[in-house]
Every structure is written in structure tokens, then in C-alpha cells.
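Presented below are the structures under discussion, each in the form of C-alpha cells.
Look at the two complexes coming up: chain A is in both, with chain B in one and chain C in the other.
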Partner chain A sequence: MKFAIQVNEGPYQHQATDSAYQFAKAALDAGHEIMRVFFYHDGVNNGTNLTTPPQDDRNIVNRWSELGKAHDLDLVVCVAAAQRRGIVDEGEMQRNGKDAQNIADGFRISGLGQLIEAGIQSERLVVFGD
Partner chain B sequence: MSETIKKFMYLNRRAPYGTIYAWESLEVVLIGAAFDQDVSLAFIGDGVYQLLEGQDTSESGMKNFSTTYKALGDYDVTKLYVEKESLEERGLTLDDLMPLTWEDEDDDWAEKDSIRLVSRDELADVLDDQDIVYSF
Partner chain C sequence: MSTLHTVNKSPFEKNSLADCLGYAKEGSAVLMYEDGVYGAMKGNAVAEKVAAASGVKFYALGPDLKARGISEEKLAEGIEVVDYAGFVNLAVENDKVSAWV
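Then we have the complex of A and B:
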């Protein structure tokens, strides 16, 4: 099965991203394909490399980066939602005259068209959030 | 843009203000309109408040985006399902909602209502018929 995943909530505040991660991992382990993970709303905060959770807790951002690297996942952060919430990559930094970037490894910033395309191209779109 | 045409449903469950879900849902709808899919919106629960006529955010400082719903017809987004029970549970009727219309080019640009009042059971069938449900 070809899945797409939408994550609508940020890390730690909400368990949605944990559930999405567990789902993605289980699906991949079972031999399914994840064609894209799209981070929207506060979900874009899953893509910042500035988080420093306590040592005894899971590192949600790194966990996505590692899963992405292991399975060549397309981890997409919505640009419009990211601009509002301060998730910045090299291109956004230059375009908007910022002096820093914070996009985590394996994530990329792109448009909402990527979410629509995921809906069209996947066999199932699974939304995680409230 | 794509040869595949799917039935896309945007399910709106939340009040327009208080959280950003409603507004960012509309942003997806507007972008998605360029993809020539078979698009519907549904409004259930507090989501029906999104279509309320006479929204005034002047004292809360929130961005009033309610006029955007009136532009949906121009984006060929013409099917807005509103759940009857959700309206009733909130003491609302169709008359409390914005009159939303679209112009049918296949019918001499006749102005038609975009809002379709449906029962909970009917909406369940509509949802069952979709390929994709984006839930906001």
C-alpha cells in the first residue's frame, strides 16, 4: 500500500506526531510505502533542529530525521505554516531576510501543493491530529 | 495538472477563531483548487460557525477571513455540505449562514447555492463516497 501521512500537531504538546511516527514505522516494517509525510499547522514544529528535549525522553525531531534517512522519506514542511511559526531553511532565510535557519536534517520546506499531490498519488492519506 | 481525478473532501470541524485550523484549511482548499479534483467541503460540529453571517473580529484582533468563503465559487469549489444537526444543536438555521453561491457556466451562468444542507446520515454517505478526506 502506498501511504501519505499528514501531521497536524507539534511535538511534545500533542501525541499526534508520536502516533504518526509509530504508524509510519509500522507501515514501513510491514513493507508498505510512505510516499510523503506532510507537516502542517503546528506540525511544522517537528522540523526544527533547535529542540533539546530532556535526555530521558524521546527526541521526536531526531527520530523523524533518522526514520527519514533510513527509508529515504520525503519529509515536507508546509511553507506557509512554517513562515508563520519560524521554521526556516536556507532559501527561506534569504528570501525573508532572516539571519538564521533551523530546518532539521532530512526535512524540506515546500508548498501546500505537495499535500494535494500526496492525496492524489497515494492510495491512503492518513491524518494525525486532534 | 493531473489525469487522476479524485473526490477530495475537506472536513471542517472547528470554530473559525480560537485556533488556526479553519483558516489554514481554507488555504489548502484554495491551493487544491488548482489541481482540478472533485472537491467538496463539509462543516460539522463547531465548524458550522465558519459560515456564520456577520462575523466581526474587530475587538479580538483576529484576521477576519470569512469573505474568503464567498470567493470559493470562483475557484470552482461549489459543494459545501452543512450538517443539519450541527446547526440545530447550536440554535442555528440556514438563515444564519452567509449566502454562498456559484455561477454555473453550463447553465448560462445561473447563480446557484453552494451550501447543501444535509442530515448526519446523509453526510455519512457523502463522506463514505470520498477518496480523500482532509480533516481540520
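Then we have the complex of A and C:
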């Protein structure tokens, strides 16, 4: 089955992104497809490469990047939510005159249309949030 | 048309479980996970409401129960414990998923 996942919360504050990750992993293990993971609201903070959690804690950002790489997932960060929270890729850096970028490996910044498209093209949209 | 309702809030923090039960039709499923698993315990203030929801099947996520020290004997009757693979199966088996976040 074709799934899409929406994550509305950032890492380490609420369980939502952990639940979403475990759900995604279980779905992929069962042979299902995840056509997109859309990070919205504070969920965009899952896509910064500047986090350095203690070594004995889970690295939530890297975990998403690794899962994305292993399964060729489309990890999409909402652009408007990202601009508000300082999640920046090369294009956003130039467009907004910033001197750095911090988008994590495997993530891309795009618009809300990607969420609507995911809702239409997937068979189930599963939302994780607070 | 069956719906999987997911509830991730404790019924003592938010009204999402009660709201969900107001909408859940016969034949639908309710999965309690994260702090929502407190709604699956027997003898608490929402247990009667859960028991009264006829034709609705209730599930609780095992890893979230374990993380909160809720053993299976503390669960209300009729609650089925599932793991993440079971969560995925519920999403597949029902026609849509409605998150009561």
C-alpha cells in the first residue's frame, strides 16, 4: 500500500516524530511504500543538520536521513514553516540573503502543495503531531 | 467505510478520546498510542465511556504501554495490544486514518 506521513512536531520535545519514524520503519519492513514524509509546523526542525544530541541518545535527524537514504524516501520540509524556524537550503540561502544553510541530508524544502499532492496520491495519509 | 481513529493524548490532558468516541461509527477502530494509552486502562474515569462505545474496536500500542509501566492486566476488557507492525496493519485494513492530535 502507498502511504504518506505528516510530522507536525520537532525532535526531542514530543513523541510524534519518534512515533512517525517507528511507523514508517514498520510500514517499509512490511513491504509498503512511503511516497512522502511531509514535515510541517515545528516538524521542520527534524530537518536541520546542526543538532548534536548526546552519543547515548537517539539521533532523530540522522535517523530520518538514514531511513530516507535506505529507502529513497522523499523527505519534504514545508518552506513557510522552515523560513520561520531557520531551516535553510542552498536556494533559500541565496533567495533570502543568508550566510549559511543547514538542511540535513536527504531532506528538501518545498511548498504545501506537496502535502496536498501526498494526500491525493497516497492511499493513506497518517498524521503525527501534538 | 471504516476509519482508524488514532488518539495520542491522555484523556486526563485533552478531550480528544471523548471527541473521537463521539464520531467513531460502528465498525471503526480506535488506536491509543503515546499518552493516549492511559485511556486503555481499566477502572479509570474514562473506562465506562470506552466500554459503552458499541461496535468500536479498541487497540493500544504495546511499546507505549511498556514505556509507561502499564502492564496488560491493567488494561480494560476488549483492548487489543498491537506493535508498530499492527499499527500499520490497522491503517491498511481501515479505509482511512483520522488522527485526533
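Just so it is clear, the second predicted complex is superposed on the first by the 130 of 130 C-alpha atoms of A that agree within 3 Å, B and C clash if a C-alpha of one lies under 4 Å from a C-alpha of the other, contacts with A are read in each partner's own complex, and residues count from 1 in each chain.
Assume contacts are C-beta pairs under 8 Å (C-beta built on N, C-alpha and C of every residue); 3 or more make two chains touch, one makes a residue touch a chain.
This one's a predicted model, so the numbers in the text were calculated from it and none came from an experiment.
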{"item": "Partner chain(s) touched by A:Ile116 [first = chain B, second = chain C, both, neither]", "value": "first"}
{"item": "Contacts of A:Ala81 with chain B and chain C, given as first, second, both or neither", "value": "first"}
{"item": "First, second, both or neither for A:Ala70, with chain B first and chain C second", "value": "neither"}
{"item": "Chain B versus chain C as contact partner of A:Leu125, first or second or both or neither", "value": "both"}
{"item": "Touched partner set for A:Ala27, first chain B, second chain C, both or neither", "value": "second"}
{"item": "Touched partner set for A:Leu50, first chain B, second chain C, both or neither", "value": "neither"}
{"item": "Which of chain B and chain C A:Met1 touches, first, second, both or neither", "value": "second"}
{"item": "Those residues of chain A which chain B touches in one complex and chain C touches in the other", "value": "8, 125, 127, 129"}
{"item": "Chain A - residues contacting chain B, complex", "value": "6, 8, 40-41, 80-81, 84, 111-113, 115-117, 119-121, 125, 127, 129"}
{"item": "In the complex, chain B residues that touch chain A", "value": "2, 4, 6, 8, 20-21, 24, 27-28, 31-32, 34-35, 37, 131-136"}
{"item": "List of chain C residues in touch with chain A within their complex", "value": "6, 8, 33-35, 63-64, 83-85, 87-89, 91-92, 96-97, 99, 101"}
{"item": "Chain A residues within the chain C interface of the complex", "value": "1, 3, 8, 15-16, 19, 22-23, 25-27, 29-30, 32, 124-130"}
